[in-house]
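You will see two complexes here that share chain A, one where it goes with chain B and one where it goes with chain C.
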Partner chain A sequence: MIDDPRAVLALALGDDELVLGHRHSHWTGVAPHLEEDLAFSSIAQDEIGHAVVWYSLAAERTGKDIDAIGLGRPADGYRHAVICEQSNGDWGYTTARHLLYDLAEEVRLEVLAGSAWRQAADATGALRREERYHLIHARAWLSRLANGPAEARARLVAGLEEALPQAVGLFETLPGEEDLLADGTLPVPHVDQLRRWFDVVVTEFQPFGLDDLVDRTLAPASPAGRHGQHSDVFPELWDEMTAMYRADPQARW
Partner chain B sequence: MTTATVVDQAAVRAVLDAVPDPEMPPVTIGQLGMVVAVAVEGGAVTVNLVPTYSGCPATAVIRQDVAKAVGALPGVTAVQVNFVRDVVWDPERISAEGRENLRAFGIAPPGSGQTLLQIGGVTCPVCGSRDTVADSPFGPTPCRSTNYCRACRNPFEAIKP
Partner chain C sequence: MTAATPAPERPADPAEGLRWEVFGRRTASDDWAEVGYLHAPDAEMALLLARDTFFRHEEGVDLAVSRGPDFFPLGQPELLEHATDKSYRLQRGYTGLGAKRRLAAARAAALGAVVQRRRPPDLRVLNEDHR
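Right after this comes the complex of A and B.
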């Protein structure tokens, strides 16, 4: 069990990226049209690449092998927020989660850019540059569905109603967070990052008349994902995601 | 009695300038601006590279190709290839020669009129027309977008800004 606070932070970030990236990749081949196949495949590739960046930081902290960190943990050793593991659902939920997650990434990467953990702060540079395209994509669909036919808007609203309470879990306080705050690794506690995210989401939704959906009293359930506690859908996803690695953990690629 | 061959840093740089990118072979990793630093100590060479995109699956192949190419230089006894994170790759790092090779390969190099929001008008690498439309910011690799030229009716890719 990895319990170094900086490694736990890197795992939380990396696991979010790996697990949501894996879900995004489920659209490959079955998205509504070819460009969306490409978009979700490409975004999935980015997110999984970002997971590798965070896992490499966890590897530096723990001396463990990066593949073992990424794919060699039991299901309850994963620290992603529960929203990342949910099935893709329909396009409304997919769009809602994609947007809420990428807005959360923007908030937390901006915070981490000021981290006293030099390597983590350095890592945010490339990640933020690449994330720009994810937000452009998510915003294009927000606009298209919100201003689209009644059914499109209704599905988006239903997706947001489901995803909003889950998304606050991205800001669950980490085990060991007091240490991360004390040494400047985390310049802003997650509880305050959550407030920033609410502001960002409201600003994003206002032009579409969707800001009433945002309930600022929502708080992350805890202990939840950051403590390795996941929903019923995760074991199957974990099994699929780690099957290749577990078949031969010593394999060299 | 033999004299140890002195490894020349310029020779290492020249080798790196010739290692092809696995996904865009007409351009080299040197031309793409991926080489951040080269250090030589005796026969040990350390090469620091920056990936174009974090999720680029070609990085493992690039690491092998670089190690092999540099390792073949006379006097080199060990090669260490690192990917660094304290430098952010940017298309502006691509050299003039790299840009021309990209264009000849059918990929619009940086400076062809790309914009983040994909409003079209990227100069077509095939016919040079600017009567082009953006298709998608996502393409066959993370660093490339897809476009279409209305003048010569060719689909083409462009290096993302």
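Right after this comes the complex of A and C.
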């Protein structure tokens, strides 16, 4: 089990991206229409590409192979927030999670840009450029569903009601967080990042009359995803996600 | 009620969307060239979807969508740049296949497996029948 605090931070970030990217990829071939199929598949690939960036930092800290870090851990060694592993549900839930996640990305990457861990701070630059597009995409869908026909709005609201309490888990305190705070690796504790995220989400929702959905008293369950504790949908996802790697860990593709 | 401000154009079939012509510029010194079309409910969505439908593989530095006399450039060319490694989307990302195949064959042989058909069958002749 990897327990170096900086490596744990990199795993938490990388696992969020890998697992959510993998879930997003389940829309490939079945998205609402062909063009969106391509767009959402691209976003899935972007997220998995971001996982590679974080895993390369974890590899540096631990001396382990990047594929072994990304795909060679047992299911309870993954540190993503539980929201990332949830099934896609309908397009309303998918859009809600996409938006809430990418808003959380904006908050945490802004914080990490000021990290005393130089390589982590440097990594945020490229990721934020792609996240900008992800947010444009998520907002485009937010406005169209929120202002769309009654059913579109109802499904978006149902998706947000389900995803909001899950999304706070993205800000669960990390094991070893006190060390990360002490040496400036993490300039802002997750509990304060969560407050920033609430502000961002409320601002985002106000124009659509959706801000009443945000309950600022929500707090992350803990121990949960950051401690390797996942919901009962994860083992099947893990099995699928890592099957090819496990079939032949030495293979070069 | 007067018709001073026309209502936004609506597609006949909302599920289908409006048809938009898509244009791109290969390099900064190239003119706009039409690259295809797609369906989207409005210009903003058409621009977003054009990015991933036609410009995922570094096909150009700028894009625009058009409908009748209206021409909408993306205006944010940085959205077309690849910020992280996307070599898997490009042909040049797949090099050294011969060496990888030989390595795989050697490992298969060491395990006692025999590769009887080294390549997938050529389906081009078969597909002729379905044209």
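Convention: the second predicted complex is superposed on the first by the 253 of 253 C-alpha atoms of A that agree within 3 Å, B and C clash if a C-alpha of one lies under 4 Å from a C-alpha of the other, contacts with A are read in each partner's own complex, and residues count from 1 in each chain.
By our rule, a residue touches a chain if its C-beta (ideal position, glycine included) is under 8 Å from a C-beta of that chain, and two chains touch if they have at least 3 such contacts.
Nothing here was measured: the structure is a model prediction, and the numbers come from that model.
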| item | value |
| --- | --- |
| Fit-or-clash call for chain B and chain C when the two complexes are aligned on chain A | clash |
| Touched partner set for A:39, first chain B, second chain C, both or neither | both |
| Partner chain(s) touched by A:122 [first = chain B, second = chain C, both, neither] | first |
| Which superposed partner A:252 touches (first chain B, second chain C, both, neither) | second |
| Which superposed partner A:133 touches (first chain B, second chain C, both, neither) | both |
| Which of chain B and chain C A:172 touches, first, second, both or neither | neither |
| Touching partner for A:47 - first (chain B), second (chain C), both, neither | first |
| First (chain B), second (chain C), both or neither touched by A:144 | second |
| Touching both chain B and chain C, residues of chain A | 35, 38-39, 41-42, 45-46, 49-50, 52-53, 126-127, 129-130, 132-133, 136-137, 253 |
| Touching residues (chain side chain A, partner chain B) in the complex | 35, 38-39, 41-43, 45-50, 52-53, 119, 122-123, 125-127, 129-130, 132-133, 136-137, 253 |
| Interface residues, chain B side, partner chain A - complex | 51, 53-57, 60, 85-86, 88-90, 116-118, 135-139, 142, 146, 160 |
| Footprint of chain A on chain C - complex, ascending | 15, 17, 38-41, 44-45, 48-53, 56, 78-79, 81, 83-86, 88-89, 100, 103-104 |
| Residues of chain A touching chain C in the complex | 33-36, 38-39, 41-42, 45-46, 49-50, 52-53, 126-127, 129-130, 132-133, 136-137, 140, 144, 251-253 |
